[in-house]
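Contents: one structure, followed by commentary.
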Amino acid sequence: MERPEPPILPSVLSGDTADIYFLRTRQVMERAGLNPRASMEFFPARDGLLCGMREVVALLKQVLPRDAEVWGLEEGETMSRKETVLRITAPYQSYGIYETALAGFLAQESGWATAARECVNAAEGVPIISFGARHVHPNVAAAMDYAAVVGGCLSCSSLEGARLASVAAAGTMPHSLIICFGDTVAAALAFDEHLPADVPRTVLVDTFHDEAEESLRVAEAMRERLQGVRLDTPGERGGVTSDLVKEVRARLDLAGFPRVQIFVSGGVTPERIVKMRQEGAPIDGYGVGSYITSSPPIDFTADIHEIEGCPVAKRGRIPGITLNPRLKRLL
Amino acid sequence: MERPEPPILPSVLSGDTADIYFLRTRQVMERAGLNPRASMEFFPARDGLLCGMREVVALLKQVLPRDAEVWGLEEGETMSRKETVLRITAPYQSYGIYETALAGFLAQESGWATAARECVNAAEGVPIISFGARHVHPNVAAAMDYAAVVGGCLSCSSLEGARLASVAAAGTMPHSLIICFGDTVAAALAFDEHLPADVPRTVLVDTFHDEAEESLRVAEAMRERLQGVRLDTPGERGGVTSDLVKEVRARLDLAGFPRVQIFVSGGVTPERIVKMRQEGAPIDGYGVGSYITSSPPIDFTADIHEIEGCPVAKRGRIPGITLNPRLKRLL
Amino acid sequence: MERPEPPILPSVLSGDTADIYFLRTRQVMERAGLNPRASMEFFPARDGLLCGMREVVALLKQVLPRDAEVWGLEEGETMSRKETVLRITAPYQSYGIYETALAGFLAQESGWATAARECVNAAEGVPIISFGARHVHPNVAAAMDYAAVVGGCLSCSSLEGARLASVAAAGTMPHSLIICFGDTVAAALAFDEHLPADVPRTVLVDTFHDEAEESLRVAEAMRERLQGVRLDTPGERGGVTSDLVKEVRARLDLAGFPRVQIFVSGGVTPERIVKMRQEGAPIDGYGVGSYITSSPPIDFTADIHEIEGCPVAKRGRIPGITLNPRLKRLL
Amino acid sequence: MERPEPPILPSVLSGDTADIYFLRTRQVMERAGLNPRASMEFFPARDGLLCGMREVVALLKQVLPRDAEVWGLEEGETMSRKETVLRITAPYQSYGIYETALAGFLAQESGWATAARECVNAAEGVPIISFGARHVHPNVAAAMDYAAVVGGCLSCSSLEGARLASVAAAGTMPHSLIICFGDTVAAALAFDEHLPADVPRTVLVDTFHDEAEESLRVAEAMRERLQGVRLDTPGERGGVTSDLVKEVRARLDLAGFPRVQIFVSGGVTPERIVKMRQEGAPIDGYGVGSYITSSPPIDFTADIHEIEGCPVAKRGRIPGITLNPRLKRLL
Amino acid sequence: MERPEPPILPSVLSGDTADIYFLRTRQVMERAGLNPRASMEFFPARDGLLCGMREVVALLKQVLPRDAEVWGLEEGETMSRKETVLRITAPYQSYGIYETALAGFLAQESGWATAARECVNAAEGVPIISFGARHVHPNVAAAMDYAAVVGGCLSCSSLEGARLASVAAAGTMPHSLIICFGDTVAAALAFDEHLPADVPRTVLVDTFHDEAEESLRVAEAMRERLQGVRLDTPGERGGVTSDLVKEVRARLDLAGFPRVQIFVSGGVTPERIVKMRQEGAPIDGYGVGSYITSSPPIDFTADIHEIEGCPVAKRGRIPGITLNPRLKRLL
Amino acid sequence: MERPEPPILPSVLSGDTADIYFLRTRQVMERAGLNPRASMEFFPARDGLLCGMREVVALLKQVLPRDAEVWGLEEGETMSRKETVLRITAPYQSYGIYETALAGFLAQESGWATAARECVNAAEGVPIISFGARHVHPNVAAAMDYAAVVGGCLSCSSLEGARLASVAAAGTMPHSLIICFGDTVAAALAFDEHLPADVPRTVLVDTFHDEAEESLRVAEAMRERLQGVRLDTPGERGGVTSDLVKEVRARLDLAGFPRVQIFVSGGVTPERIVKMRQEGAPIDGYGVGSYITSSPPIDFTADIHEIEGCPVAKRGRIPGITLNPRLKRLL
C-alpha cells in the first residue's frame, strides 16, 4: 500500500522551530551578500535504523532550488555510526535554517524505529503492535507510530499513525470500558454487539478477577466469537509471567478453547520477549509501548564539507565529500 | 511575563492521535447508552517535575461540560512516584478519548523538565540554555524547549519554544557561518556588523584553530565588543575539559580580556557539570542538548476510581478517590 | 513456661552416629591404657546465636563422671567467631566419642536460630512464625522449630517443635483443604464450624481467585469471626508484593473489615521484610520457612587445650584454657 | 550390596512432626465427612539429584490403603526444576498429614546428594569420603551420610550412615588421639598395634609439626605398613595448598615412600578440587564435610492436581495430572 | 645525623643517559646562536611524597651558572598532582640536556618514598624496614633504600642505601645461612658466637620446622640473648597470618619468653598491615620489599613557562610562572 | 651487531649494594669455617620475558672459581612462573653476597622487557621506540632502554641505552626546542639546517597550534625534506585519538604530502595500541614511555637445593636440583 506524503507543519516551514542562531546566520549572510553553494552531510551518533527521510525529502522538495542535489539512504535502511546518510548540495541560504528540523526528524524517528526493530528481532515472527502513543506528546504520536511500523511492527494503536504508515490501526479495549460496564463479560458482550465484524474480539482479562478465571468466563460467554484475550497484569500483581501465560493457555485448552489467542502487554522489552520465548510461553502477539517511546533519539551531526566545490571542514572532520556508495540520488 | 496559552493541534482535538480503542469504546458506550460520571486519576511512574499541565488544562477547557471538576498539581511542581497529580470528574464520554493525549503531554514534557532540572541543580547558579531542538522532531521542538525552561533553564534556542516559555531565545552562531566565511574572525566581525546591538556577541572558537589561539584572535579583533566565546570542541579533539577552560581563561586574562565570558557546549550532563565545578573550571554558562532530549518520558497511568460516586478500581489499584491535599481545583 | 528436657536418641548415646575414627580412638586408647583428663573447647566458625546447648547438656549429663566440669554459654546467647562457647573437662574416654554429636547439635541449631533472629530483627516487632518443617528431614523438624523459637519466632508450625519450645503450635490452613472443599468460602466455613474456638480463624486467600476478591468473599461470609487472611501468592502470580498487601487492606477497610489481619508467607527473607516495612505494607505477621531452613550450619571446631592440667594444643591453636569470662558452670 | 529399608521414627508416623494445619485439616474433613480420592504431585524448586525416595516409599507403604497408586523417579536420579518427581493417588485422608514429612525427606536429602555429586564430578575419579557428620544434628547424621553416598561418595564417616548406605565406614584418626598420646608417631604406632588389620593405616600429619616433616617421621617409623597420610592443615596455617601436597609427595618419594598415599581434608569444595587438579596436586582422596552439609535443602512443592478424577489446581498451577514419562510405579 | 651529598654518576653528568633529542637540541641551538634565559617547571602526575630533590640539587649545583635560580619543595615534603615542585631559571643551554635525569630522579624516588609512606602510615608506629634491594637493579638499590627511609622506614637492608640515608643497615639472616648449617638452632648459635654484640640476634624461624616449634627451639637454645624471631612463611605454607603471629606469641609467652620480639616479612602491604593490626596480631616490626619496589614511578612533566622574562607555554599549559608559595629558594 | 659486555659498577662488586645479612652470613660462615659447595636456583614470580642474564653472567664471571657451573636460559627467552631460569653450583662463599644483585638484575630488567614485549605484540609490526628514560633514575636509564630493546623495541631514546643494545638512538625534538624558537616552523627549519643528514626530520606538531594545522604548516615549509610528524597531544587537549590521526593523515594527503609519516606518543599502552589499530588509525610508529617504566619488577626467588651434592630445601620448596631441559651451560 502506497504511503501518503507526510505533512510538514507551517511553523517548521517558516523556521519558527529552528535554532535562533540559524535565523541570525541567514540575516548576517544576507546582509554580507554571501550565499555559497555548500555541501552539507549528516551522520548519526550510533548504529541503527534510519527513519524520517520521507519528511526530510518532503521538506527539502518545498525549499530547495532546481539545481540542488540531495543524496541519501532510504527510509528504513540500516546505518552505521558516523556513516554519511544524507548529503545536500545547494546554495546555503536555501536550506541553512532547516538544519534543526532535518536533524530532528532523523534523530527521533530513527531512535523509535531502531527500538521497534529490536523488539521485532527478539520476537522472531510473533507480531508486535506499537502501543506507545500515550507516552509521547500527541503532536508526534503519529510520527512515533509510523516509525515503529517502519521498524517492523505489524500495526500501531493511533489512528493517524496508522494512516501515515498505511496500516489498519490495532488495539483491544481499555480498562475504562470494563470499569464503566462494571464487569468484563458485560463489557465484552457489548463490544461484540456494537462493533463492526472486522474489529477483532480481543478481550482484556485482568480488570476484576484473576486472569485465568476471567479468561474462562469470557470464553464461556462469547465462545467461538472470542478471538483472543489480552493479559496486561499490573506490576502490583507481579506483571505478566511465562507461567501465567502457560496456565491461561492450559486452562483455555482444558475448557475447550484452543483457538482463543493470547496477547501480552505491559512492560514488554526485547529482553523479556526473549526470556518468555525461551521459557516456552505460548504468546500470539505483543503490545509494546514504553520500550519504543523511551528510546533516546539517535543524534545526528551536520557538517559542511565543500564550499563552491572546494573541500573544507571544521577541526575534527575530514574536508571534502565523504564517499558512501550506498547513497542514492533523492532529489 | 505572562505565558501565552499553548495551542492544541486540530488532530488532537479530533481524536485522530488517540489510541483506536478509545474511539471504539466511545462507540460501544454510545450505542449501549452508557455515559457515567467517572473520576479518572493520573499518576507518574517515577519521581520528577510535573510539566504539560498547561496543555492538559487547555485541552480539557475545550471539551469538558460545565459541571466537570478538574483537580491537579500546577506546572513545574515536583511529584512523587505513584502520586495522584490530576483528577478529572465528568461524564466519561466527554473526555475518554483524550486519555492518550493527556498522558502524552504529561509524560514527555515531565521527562524533559525533570532532566533539565537535574542540570540546573548541578550547575548551582551558572545559567543553562536548552540547545536540544535539533535532537527532537520539529513538531515538539517548542514543547521540549518550553519544558526545559519550566525545569529551570534560563532560555532556549528555538524561536517558538522561547515564545511558549516567554523568554528571549538564545544562541551564538553555528559552525556553518564560520565555514561559509572561511575564517572565525571574519565571521565574527560580520556578525557584529550586521546584527542588532541586543544580540550578544558570543563567538564559537573551535572551528579552524586551537580554541585558546582562536579565542585570542577573536578578542584581539573585537576587543570590548566581544561578550564571550563558546567552546564546543568535538569528541575527535577530546571534547571540552576543565583544563581547556582554565587555560583559555588564563590566556584571555593574560592578554587583557578578563571580561570575556566562556560558554561550554557539547555532551554536557549533570555529572560533567559537577565534575567541572569541582575541578574549578571558570564557566559562565552551559548549552545542554542531548541530556534533556534523550531523557525517557515519565510514563503516566490513568485509572477510574469512582463511577457515579461509588468507589471502584481495577485489580492492583485502590478503589475510591485518592486523597492528595496538594491538589488544587484547576477547572 | 518451663521447657521439657530434650530427648537424646538411643543411636546417639550408643555412638552409632559418631564418626568412626572416634570409635577407633576409643578402642586404641583403651587397649593402650590411656585415658587422661582432658579439657576440650568448642568454638564457632562465625558470629551468631548459640543454640543446641540444652541437648549438649542433656547428653553430657548422661555420660560424664561426677568429677567432670562443663562450662559454657547459655541457650540463645550471642556468640562471636572463634569464641569459646563450651568447655568440657573430664577423662577423655568419657566423652570423646560424642564430639561428633555435640558439634552437630550446636552447628545446625545455631544456624537455624541465627537465621530466625535475622528475620525477627528485620520485622521490628511484627510476629514471625516458623513455617519450615516441610523443608527439613522430619527427624529434625522439631529441633529446627525449637531453634527458630530460640531465635525469636513467636511460634512454629510443627506439633513436636512447639512442644520442645513450650509454645502453642501455629498455622492456618493448607491449599489442600480448600481444594478438597472446592471453594475457599466453603472450606473456611467448615473450618470455623468444626474446630475449637481457640484455633484462630485465619483463611488462606490465594487458591482460586484473586487475593483481594477472595479476601472480601471470605470476610463477607465469616464477618466478625474472621481473624485474618493469609496471602501466599505463588511466584507464578508474582508473589506477595507490598502493593498487594496495601490493596487488600484498603479493600477490607472499605468493606467494613478493618479488624481482619493480614499474614504473609512465601519466600519471606529479612531483605524482603525490611523492604515491605519501608514500603509501608500493613502486615500483621509473617510465616518464614526456607530462609531459616536453608541457612547453613555454623560449623564448630573442638580442640583439646589441656591434658592432665598441662597446656597443649595442635598447631594453629593456642595451648591452655582459653579465658572467657562469659562462661558459666553448666555441670 | 542390598541396602536395608530405612527406619521411620514413631513421631513421624504419629504425625507429631507434621505442620499443625494438616492435623487440623484432617479433623475438619473428618467431621465434614469429606475424604476424596486425590492426586498429589511433588516438584523441586531447582535442578538436582533426587534423594529421600526410599524413606518416602517406606512411609507410604505403612499408611496408604491397598488401592493407592504411587509413581515416582528412583533414588539417585537427576531431576529438573519443576519436574514432577512423585505422584500419590489415594484417599486424601490416608496421606494428607504426611505432606510435611514427605517434602522434608526429599528436600534435605536431595540437597545433600546434589552437593556431594558436584564434588564427585569435580574430582574426576579421585575418591571422596563424606566427613560432615559433625556439622549436622546427630538425628540426621546417618541420613546425610547416606545421601552423600547416593550422590557418589565412596564412603562416609558415621557408622549408622555407612550401615544405611551399605558401605564400610571410613576415617583416619582425630587430632585428639594424637594430642592424648602427645606425639604423632607414638599415636600412629599405637593405632597400628591395637586395631584390626583391615583398618587402613592413614595418619593425620599436621598436629604438632610441619606436615612434610611429620609425614617423613611417620613414614620412617611405620615404613611399609603406612598406607597414607592425611593433610588437614588449619586455616591459621594457610590450609592445604597444591604446593604443600606436591612437596609432601616429593619428599616422601625422595625418602623412598612412593606408595604412601596423600589424603586431603578441610574446606574442600568443588572449586578447590578443580583448582588443585588443574595445578597438578597428586591427591589420592578427599574428605568433604561442610560443602555438603551447608548446601541448602532443595525445597519441594506439593499440589493436588485431581480430585476424584477431575482436573483441578490452585491458581498458578495447571489442572490435571502432569505428564512425565520418566515416572515408574513405586507402589 | 647529617646525610652525605648524593654522588652523581659521570655518565649522567656527561649527558650519556639523556634522551638523544636533548643532545640534538643543544647542537641546533648552539649553531643557531640561541640560548635564552628560560624558566622550566616540573610537576608530578599524581599526589605523593617528593623524593630525589637532593640529587636534583647536587646535579644542578655542578652545571648551572652563578646567576641561575632554583626554587623547589624540599626532600620528603608531600606534593599534589600538577603542583609545581621545582623551577629552574637559567640560560636554557646550561641545563636543557639534564631534563631527562632530573625528571628521572624525582619520578622513581618519589614513587618509592610514597609507597613506603603508605606502609608507615598503615603501621601506626610499628617500625618498618625496607627489604626490597633484591627486587631492583643494584645500580639503584641504594637510591631505593634511601627513598624508603625518606618515606618513613626506620632502616633498610642495603649497606649503601643505609649510608646514603644515614641510618644503620638492618636485617636478620637469610635462609641460605640456615641451610648451609643444616639446622636453625646451629645457625643461630654460630651467628650469636661470631658477630659483634651490637648486631641484633633476630632469627629466621620458618626454614625447616613449623614456625611455632622453631621459635621455641631457638628460644630455648639462646634464651635471653635472643632478641627476636622473623616469620617469613612462604606462600606454599599459606604466608604469615595474624593467627600464626598470635600463636607464636602465645607459645613464646607460655614458655617464658615474653621479651622475644616478632618480625614479619613476605608480601607485606599496607592493606595487610592494617588487617593484621585490626586482627590484633602482636607484631614488633615489618620487613617490606616488593610493595615499595613495585610501585610505579610518579611521572614528572617539565615545561618552559617563561623565555627571557616573557610568559610562554605550549598548548595545554598556562603561560607564565606558576604561583606556589610553598617553594623555597634552593640555589 | 655484537652487543658490548655490560659494565658492573664497583659498588656492586664490592657488595656495598647487597643486603647486609648476606655480608653477615659471609662473616659467620668464614669464622665457622663453613663453605659448602651449594646449588642455588632462581625462579620468577610470574610469566614473562627473561632479561638481565648478560649482567648476571658478567658479574659471575668475575667472582666464581674455575670449577663453578652456571646453567640458565638466555637473554630474551620467555619464562614461566616458578620455572628455574638460573642455577649456580659453586662454593657458597664465592657468590652468596651477590644474591641481592643477581635477583635485582633479573627482576627489574625482566619487568621492563616483558612490558615492552606486550606493546610490540599489540602493534603487530608497527615500530615502537622506548621513550621512558625520563621516568627512571638515570643510573638505570640505559638498563631500562636496553631491556626495552630486548623486549622488541626498534630503538630507544637514551644514548647509553642505545649503546648497550647496539642500536642507533632515536627521538624527534622536544617542546623546549620549539618554545625557545617561538614557532614550530622556525624550529623545524633550524633543526633541518643544523643537523647531519642522517638524523630523521620528524617534527613535533602540537606545541602552539592545532595538530592538523601545524602539520600542514610544517609540511608546506619543509616539503619533501619532512619525514614525519609526531603527535604528542597533552591530556588537557584530549590526548591523541584515532580520529585525530585519521584527520591529520587526510589533510596531509589532501595537501599533497602522502609520504609524511605520523608518529604517536603520550600515554601509549598495549590496550590503546590495539584500540587504535582496530579503529584503523594510520600510525607509522609509537613512542612508549611510562607503560614500560611503570611495570613492576618480576620478583625472583633464590633457593639452595643441594649442599655438597645432597638434596636439601627449606619448607615450601622441593629438595634437589629442579629438572629443566631448557637450561644451557652458561659458565
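Each chain gets a letter, A, B, C, D, E and F, in the order it is written, and its residues are counted from 1.
Here is the rule we use: a residue touches a chain if its C-beta (ideal position, glycine included) is under 8 Å from a C-beta of that chain, and two chains touch if they have at least 3 such contacts.
As the structure is a prediction and not an experimental result, all values here were calculated from the model.
Common neighbours of subunit A and subunit D under the contact definition above: C, F.
The minimum number of touch steps separating subunit A from subunit E is 2. The pair with more inter-chain C-beta contacts, choosing from A-C and D-F, is A-C. Comparing mean CA positions across the assembly, the chain most remote from subunit C is F.
Greatest Cα centroid separation from subunit D: this falls to B. Here the spacing of subunit A and subunit F, counted between their Cα centres, is 58 Å.
Averaged Cα coordinates give subunit A a centre that lies 22 Å from the centre of subunit B. Of all residues in subunit C, those touching 2 or more other chains are 208-210, 213, 233, 235-237, 243, 247, 315-317, listed in ascending order.
Screening every pair of chains for touch gives A-B, A-C, A-D, A-F, B-C, B-E, B-F, C-D, C-E, D-E, D-F, E-F. Against subunit B, the residues of subunit A that register as touching in their complex are 9, 11-12, 15-25, 27-29, 31-32, 34, 36, 38, 40, 52, 92, 96, 99-101, 103-105, 107-109, 131, 133-143, 157-163, 169-182, 187, 190-191, 193-195, 199, 206-209, 233-237, 289-290, 293-297, 299-300, 303-304, 307, 312-317.
Against subunit D, in their complex, subunit F makes its touches with residues 311, 315-320. For subunit F in complex with subunit A, the residues that touch the partner chain are 210, 212, 243, 246-247, 250-251, 254. Taken in their complex, subunit F has these residues touching subunit B: 208-210, 213, 233, 235-239, 241, 243-244, 247.
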